[in-house]
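The letters A, B, C, D and E name the chains in turn, as written, and every chain counts its residues from 1.
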């Protein structure tokens, strides 16, 4: 079986184009996560896959068949809506049971599955309540429960965990992971803005930006080898620090001159034609280390110290105009605002992008 | 000025008690974050502060005056609703301008402030749209913008960033932090389930659970010295690992026998009467280190490896029944499922709770 | 609900509603009070005077001369004008043009040596030196302060009318299906017009709005002709309950469809979508999602349709007939008024008798006009 | 008793038949073009077919009833409008020509426009105010019932009610109409309200407003209650007062329903005749189109040609409303 | 169920009942009758037709409607008419006849009317209409007549004030002025009747017309052979104006005339002090007298007198009434018309209330009371009987422009203008 294929899918609302031609091949059983900035078209894409939004252009195939005109109910999908979309007049139980009732499942089966889902989502207490008497997170859980209860070929989740607290979020995330493991044949498409969710759940992540795909790949690949500046800055939190640089020497490793005046070698091969060109040098906050010696990448003044317990974020100003450079150092540090600190980083973990934003690293 | 005082605030919906007596003193200009599991009553509490929910019992004072019966509009608040509550018939601009128009601000001032807020929230493009033509995140931003535009004494935020992508989230978070810095007199009350938000923004965090306060304190205090098991597990992600133990020796440091059979000393003073009692031993995932020597806390089998790029999460099974122990190790590790690994931790960073869940550490 | 109920504005609200309610009920109050009044009073004094003691000029008649008794050599006719009414006579007279010529208690010389005395309590006495002649008693005009007096006679008369019970049932037989059927039919149609895409939808909506304007009177003859044709063709009576249900349905449909469609189109789209994703067909969606969520609209239309069919006379007369067996309540009550439609006292009472059922319907359906039916379903603007 | 049984039986039967139709046809449709259980091209093809058919199944009873009960009479009216009084002989436009020259017709048109200006606006306005205000007080339901009452009262009853309001007795004698009683009590002299040309139109309109406010109230009340509470809460927080919330938040959100109510009452006004018939029968220059039509249709055997011609005019007057509705519906569908 | 046992009371002509019974056996058939009688009248009519059922075995289904005018048009147009229709409006009947919805009653009935009804020719003329084919024929049978030329008063008030019942119109006018001179108000006139406001004035005008112009002029007027603006018509309207447009002559002044309900206006007679002394209205009006009023004692009437100066006009009587016609020609329908020709069919109703008949063979003694008998005699003694003119005119005029015109007239318009308006309306429908 071939799963889901999107061919040059487009969508426009009147004159506004929101999806500009998406090509994507999703294998059956794969867990795909869509990430991208707010408003980039994730929900729209998901809704098109569900059949809720008309496809303005391109083709969508499920299992090799064109489904552009197939109604949602025939696509074998379950969906968690970003805005919950609960049935306000039904209790939590009925909300979850609705799909199964429609499918004509037996009463016992319905009861069993609803209770199982409620258990997982800690909703058992609330089964008899109407949505209006639930908290935001509880509503969201009902929406998830509703999808879980059904047994679809494709699961669509639109930011399903955004209103949950950390613990529940982890728990539910693990449940979803388990689910996807148990139902190896079920394709999952998941929209999130949470890095951890994306990284932990995805077989592949699709990074969207303004209606087109920036990069598709397994989580670590995206993290380690972002194809372009957009992905580089989007994946990882806090975002990768980008420092303008000039290529001074090329070859198997490239040597750069950073704005600060310091040079740095990067383990990325570049063609000799690139010498002298401007480029963007990238280093992730968590790849920065405090250097005590002279072998440092750059030096800066601490503007803000954020101690999160586990790690400390240092905001370094004065290096790049406008934005501070952020360093994420494990543990709790004895650093104060105004301290001058030198940073170094592992050469292998550095990134380099050309002026168009494309990575110099071979894909 | 005295800010906001809650005295034994209670709320019940019919027979269901959801807030069981909250006492809280919020100083003017303070940034308070409410955290707690979904459904614990955060939104309800916030809505009571706003005056949208009647207070079933107790007293609320703003600036020393009892405001139980004061209507919302007289309390000088702005609020971001968990469900956005945008005016569906107004454009984004009008949504944001509404409060100011009501207050009778000048046209120029309104325009200036709305545009400033839209700029911050990257909404400028959408100012003329109606809410229904916005994505989830965009709607949320409008809701935030609406609150920012006004100039209240108290800001109330109910999970304002839950639908935003990481980058925007960080940016908005910083904006909110700046806002609170600029308006030193403005009190902020902020509900979130995001640890980072809570830790970075809060002057003090209020941990709620099932309608009552578990602990109130500055972020780091909560992280380093949780008052009880609930707070310990709730603050920090992944949650603190809890291992059943028995106190074998007391004094300035306490010695424990863990389930695994190993013993460990903890830098917490206990009374001698505690010897022999059961206790919960806690260690945060990020405080665990891989030990190569014999000096280890416990040993376990890796069940799952989650590589997030920056850190790797190891799920260790077989130590505590049911739940895996999680370790968060910086960097990308070459660890596979099934590997047996030994862990150690800094004695000073260990936690100890009695059977009732209370921390042995002096508050 | 928002905790603002104690704002000072609420008094203004109370006051304005009170004012509006007063304005709106005042005319009806007139009818109600009138229905409880004596029929002769209706045309003589305003209904509001019935509420208080009022001074009225009345005419009474003494007992006929045959009732006279001889007392102390004089002939005396006595009795009471008020006949037990709790009124107080202040003045009296015996000539129509001077009805208040004498104060109560004084003796009036009415000629032929006769005197007439009327006391405050209404008792009168005619004293004559000679035997009185004639068959009719003396007219006595008097002014009395009459306290408010009400009677249920009008209601009794209406309720005791022959065939009223049967007509009541006839009316129900007409009104109930004529309410339910169009709602059902209209709801399906409204759903299709609101949520099912098909070509020509907008035009169809407009046509239905346009049909609202068709005057009922224009349709009666062609339709009755059609009914007669159909009846003759199938050998069934032309005037049946089914016929009138359908007629009421036809006339009520445009409004029903228009109202319901408007309401349904306003339901949050996400809810329908989520049902669609859950595998529900349009039929399922309609029955299980749309219908329950449209309850406020259904209830409001039901109120009106019931009311119209209940109060209708014309359609019932034409399509059900005016015979005794099939006469509806309105028809029965109108018939009570007599050929010249005179009896207002009947009219007033029957107006209140017919109003009861619609009011009950209104009251019982009002609770379906619920607040926050959609609360908690979706988030967003 | 037997009648009661018969009544119940017919009622249940009638309603059941209707239910059976909808369930039955749907069941059949799903049976003939099955899609449950099936997959692939066949299923989606069947689905496309059912999706094309189903709206018409849903609408069929309504459309048939509408055609029979309303569309057919419309055509019949149009036909009659071009025929003589018996409906036999074709007379071309002569009925319309007569109409234009008829003073009463012109008077009716003028009056109808007055009615159209005043009644829908005021009835909707009062209905809205009542619906909004009664939601905020504990005795709101009672208040609503009282304001709804005129709607429920039979027409004959209403006519008597207003007789007791507008009744005129000569100066000096006791007034039994409350309006004159008030005027007299305030030192004025009584007026025969119904006979004051031009203004008497307004006294008649008051009656219709009095009745229709209940209609507007019920419909708008249902709509008001559908407004998401949170938007009101948000406005409260934004510092809006009662008026601002009402006019800037609530009213715009139920704008669609207000338009519906307004439209409905407008059309009703075009058709209004019983009030005029009962109160003045068009005398004292209060004639309106519908009453004029009724007059020509049925008085003394009737003149179907002229009656129908007036009906056609009434129907033509509704066309702008139809166009406006098409526009709205199209706009709304684009939004979907 | 028969109210009067056949054979028992000698004032009834039981023989005619028996004869009729012998001649008709239609057992098992039904007859649908549509009539204008509702309420009390309906009950009375039921008592009468019970005898028809008794005699023939025909089951009668009677129905009526508040809007009988509309109802009969709809029913006949749509093809489901009753068997027999009874209507009070000759204009409407003429229309039905011209559209072919009525069956002619035949020459034999015509002759019967000529022979048996007082002023028989008047009745025949009244019941003869043009059929669909354009030929005139007798289509209706008058049954149950109201006399309109009555003036009501309270005898005791007259006695008290020393007034006499006037015998001539001159006297009546003098009396009117006398009452004013005595400080009273002579007349109560109310034209209000909801949508039919104005009709009582048309009775006035017609009554006065018959007293100022010849019956032929009257006939030409109602058929518009002379225009509304004819001097005779305008004169009659002005005569009415003499009474109604003088503030001193009418209770409440002229302004009150149009807006006082006709049902309320007689109540002024009984007020204390009396609001008026005289009231012109048809024989039905006692139903609107205060409860307990005994006609003949508490209230009475006199014949609206003719002008002494115009003896040639005799004693004209204005009246109205209902006419029965066959809308579906069935044997029971024919039998019903036959039944109406029997004296008993009249006497049965005469013995109750509100029924007058010009049938000469009906026993006058059967009238339930003296006032009815007196009215019956007025009817029988009339030299001229004329049907209510407004009912004879086309609906648009008789039940429209004429009414409206009269309302405008009492509102201040001149008689000439009113007549002109009415004539214009008449021209419009030609």
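Criterion: a residue touches a chain if its C-beta (ideal position, glycine included) is under 8 Å from a C-beta of that chain, and two chains touch if they have at least 3 such contacts.
Chain labels with UniProt names: A, B = Sn-glycerol-3-phosphate ABC transporter ATP-binding protein UgpC; C = Carbohydrate ABC transporter permease; D = Sugar ABC transporter permease.
These numbers were taken from a predicted model, which means no experiment stands behind them.
Listed by label, the chains touching chain A and chain D alike are B, C.
A simple rule picks the central chain: find each chain's mean C-alpha point, then take the one closest to the mean of all protein C-alpha atoms, which gives D. Centroid distances built from C-alpha atoms place E farthest away from chain B. Here the largest set of C-beta contact pairs joins the chains C-D.
With each centre defined as the average position of its C-alpha atoms, the distance from chain A to chain B rounds to 22 Å. Mean C-alpha positions place chain B and chain D at a centre distance of 56 Å.
Averaged Cα coordinates give chain B a centre that lies 63 Å from the centre of chain C. Averaged C-alpha coordinates give centres for chain B and chain E that are 93 Å from one another.
Residue positions of chain C touching 2 or more other chains: 1-2, 4, 7, 43-44, 217, 222-223, 281, 334, 337, 344, 372-375, 379-381.
Of all residues in chain E, those touching 2 or more other chains are 67, 70, 73-74, 194, 261, listed in ascending order.
In chain B, the residues touching two or more other chains are 51-52, 71-72, 82-88, 132, 134, 136. Taken together, the chain D residues at the contact with chain B in this complex read 228, 230-231, 233-241, 244, 248-249, 252-253, 255, 335.
Contact residues on chain A toward chain D in their complex (touch as defined above): 14, 65, 67, 69-71, 74. Here chain D touches chain E in the complex through residues 86, 98, 102, 159, 163, 167-171, 173, 192, 194-195, 276-284, 295-303, going by the rule given at the top. Chain contact summary for the complex, chain E toward chain D: residues 67, 69-70, 73-74, 89, 91-92, 94-96, 98-99, 194-198, 251-253, 255-256, 258-261, 275, 394-396, 398-400, 403-404, 407-408, 411, 428-429. Here chain A touches chain C in the complex through residues 47, 50-52, 71-73, 77-79, 81, 83-89, 98-99, 102-103, 130-134, 136, 139, 146, 150, going by the rule given at the top.
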